[in-house]
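In the two assemblies presented below, chain A is common to both, partnered first by chain B and then by chain C.
Coming up: the complex of A and B.
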């Protein structure tokens, strides 16, 4: 019995180590590459070397931080809209079964569409409305996938709030909306925090919509990273530095929300 | 202060009728208990009165004003839910003061009044705690405090004691009753527990299958249940029910049980109801019933009897138990005035004989 348990726990630890290394090794390699000279980059196995900051200087000079700032702005606005609309939508689906059982997952149906289907309508509308030099089209495009995901993510959190809380608040003298805002919403704040960070990451990581819809000269981070793939070849060192700039905030954020993240994804998925 | 009136109130979900043309009057200042088995429509009736369920037909009036279309907040009611529905993110004091926020009371005033209410309920030392740090009984008091702070026209209670343990339930029952008496606010109380209904109510409304089976003072209903359902639902231990015939001062069931009923007139076919307290046992070697089991309650005891195929119960003084060992044969008798007779077809009470 104990023998089997030991075997099992060894196997489990092994599996987790393999998974952890699969994720971290490439990141580590990218981090090392960002401190290598072009000559050292030709030796991917090189671990001990004299680091230099040339790549980082190159990246800063290319305006990657500005691009990161613009990405952050786009993601923040996208998330702000998504959280407001998504929390109301999720509560409607959870408490009032709006749209029946179909909407619970149906809300994710748009994810099945390849972004290429949506991007050209967005682009032509952006031109027609003279918005092609703003970030509004990117934000709208990001809303098309961030809003449904945030809504779906929050349904499970709202499911955990007893209906009688809202009813009690309505009897205590408040409108439905006031009851939602003052009593129901505070119960799901941790979930909303996690959803916001999750949504932020989705928007932050998107390259496709940014590439086509963002203003060409002042683009967003993933596009700026891709720009190091020049006609002279890939500037591997600089690109690595830019990738680290993009990844670090996401890693830090995920660390803080990891428990809620699991709760949101499983809570939304388990209940039909 | 207000009288509540149900006029032909109806609730349907699709084609299923939950509450079927119910007429009830809840007198001003009284505590009326809606009682019945689960699914009888009592909670739905309460929720319609609260405004949490739409009314499919008929009218509900508070103080002569039809409130059918009004939002819950415009009905001047307060409600205590079964799970108390305390706001988890607020302290005890903020929970109690919460209804005053809707009335635009100044925060300082609201908190002061909430403190007074908390003190009166013995929660004075707990006001800065969160609900999750309270015991079930304390949570229950907070819910009551939140209900009384606004001095509403009507109190609604939805099985408020069923999450408490038995001892606390009896204590809280008494406290709740005292609060309601002191404030003199009309109260509607829903429970499935007939004992709670009997002990608390000024008026009791027994419901079954979406209809009112009987309403009136609890002692009246206990003394004169108008159907077999009410007779067996109200009172503990349950009333003995037997069908058979009455002739020559005795009731006889088809299986041969025999109960002496004095001067009761003859009936060809009848359902007989006898409360266990009214069933008299006299030991006799030729008795038709046999003592099967005795449950001692203290000064009283429940005696379970096998009478042919019928199982009967009787409540006797513990002092009489010496003559009633298990296996003893007894004769059964009932005073004519303590009999309940029901029509075998309709199961309704027969006109008094």
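Coming up: the complex of A and C.
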């Protein structure tokens, strides 16, 4: 019995080590490549070399930071709208069972739609309303998938708040909305924080809508990264640097929310 | 009572309004587009042509090629993710040492923008410049990852790299919400670890597993970025997926009516998939 237990714990440790290396090595390799000269890039095994910052300089010149700023702006507006509307909606669904299970799951129906269905109407409307040089079409497109996810995610957190808390507040003379805002909402603040960060990464990572709807000259980050995809050896280093710029913020963010993500998902999302 | 009614609908109103504008309206408009000969380049009002786009699309071998590519891609990717995800989730559940760090690290890929992941692997797997083919050559193996016959499976493996963490996340959440008593009881009865897993843990995990497979399949059906970053549909049309095919028809060839028809065919397929999976779920869910 103990021998088998030991064997399993060794296998388990081995598995986790292999998984960790599979995740980190590709990213480390790209990070390394971003400091290589074009000649050094031809030697994929090269690990020790004099790093240079040419690639980073070229990426900054190409305006990748501006694209990152635009991505951050689009994501922030999308998340701000989603968190306000989503927390109100999630509360209505959780506390009052508004619309029954139809709304609870209808919210997620939007998740089923292929982006290819929605993108062409957004495009023709953007032209018709002369919004094609603004970020409004992209924000609306991002709302179509960020808002349902945030609402769904928050339902689980509101479910965990005891109703007696709100009833007590009503007895104390709070209006319904005040009870929600002053008493219930603070209870789910950690959940809202995690939902906001998660929604931010969803918007930040989208390329499909950005590629078609964002203004071509001043595009958002994933599209800007793809623009280095000319695959001449010269651009590889710059592309690596651009990839690192896109990856680092979300990986740091993910570090802070992973525990709450597990909680949010086991609370509301996977229960029936 | 009426004030409760109006309050709860007022609270829901913003979500419903935004969803109506951002989802409902485009959905209806796309349905209309799919019944017209609309082209991005043409001026004037589009003509209503009924189901012509659908007939054209449903008899187009390239559409069916894209469809079967996508299906093969989804099946391979999601099957591998399920097996790997479950194994890793089980390993992580027991792990105590540097627990949060390990979890954060293993979950990281799902937060990265897919285009960056696609480009990273295009680079890593490149025949001349890539580290992986170079390493394989040194032990005498030579694979052209993006060559004929391999490219689609390479894309599926990229999907596995990025999205196994999502499976791990959901299954870990599922494992942590399983009640302890049945497992303890099985142990007391002298059941082996494997038997406990097969007969106790797995049945309790089935609802979560079904949701995870469903969410992942739906997402994998939308694969676009990896194709755009690596093969652009090639070699030939071997890696043309539905989403990429729609993008090409609509954006590169400006045929929005036809592209919308393809999108609705995909939607019909997706809905069928969901109905089948939900039926299964309802049958297996302990109530």
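To be clear about the criterion, the second predicted complex is superposed on the first by the 258 of 272 C-alpha atoms of A that agree within 3 Å, B and C clash if a C-alpha of one lies under 4 Å from a C-alpha of the other, contacts with A are read in each partner's own complex, and residues count from 1 in each chain.
Quick note on the criterion: a residue touches a chain if its C-beta (ideal position, glycine included) is under 8 Å from a C-beta of that chain, and two chains touch if they have at least 3 such contacts.
These figures come from a predicted structure and were not determined experimentally.
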Combined model on chain A where chain B meets chain C, clash or fit: fit
Touched partner set for A:118, first chain B, second chain C, both or neither: second
Partner chain(s) touched by A:251 [first = chain B, second = chain C, both, neither]: second
Superposition-derived comparison: chain B or chain C, residues of chain A touched: C
Minimum C-alpha spacing, chains overlaid - chain B and chain C, in Å: 5
Common interface residues of chain A - those touching chain B in one complex and chain C in the other: none
Contact set on chain A toward chain B in their complex: 162, 164-165, 167-175, 178, 183, 186-187
Chain A-facing residues of chain B, complex: 50-52, 71-73, 77-79, 81-83, 85, 87-89, 98-99, 101-103, 146, 150, 156
Sites on chain C touched by chain A in the complex: 3-4, 7-9, 11-12, 14-16, 18-19, 21-23, 25-27, 29-30, 33, 38, 40, 87-88, 91-92, 94-95, 100, 102-116, 119-124, 128-131, 134-135, 161, 165, 169-170, 172-174, 176-177, 193, 207-208, 211-212, 215, 218, 221-222, 224-225, 228-229, 242-243, 246-247, 250-251, 256, 259-260, 262-264, 266-267, 270-271, 274, 281, 285
Complex interface listing, chain A residues touching chain C: 4, 8-9, 12, 15-16, 19-20, 22-24, 26-27, 29-30, 33, 41-42, 44-45, 81, 84-86, 88-89, 91-93, 95-96, 98-99, 103, 107, 110-125, 140-141, 143-144, 147-148, 151, 176-177, 180, 201, 204-208, 211-212, 221-223, 225-226, 228-229, 231, 233, 236, 239-240, 243, 246-247, 250-251, 253-255, 258-259, 261-263, 265-266, 269-270, 272
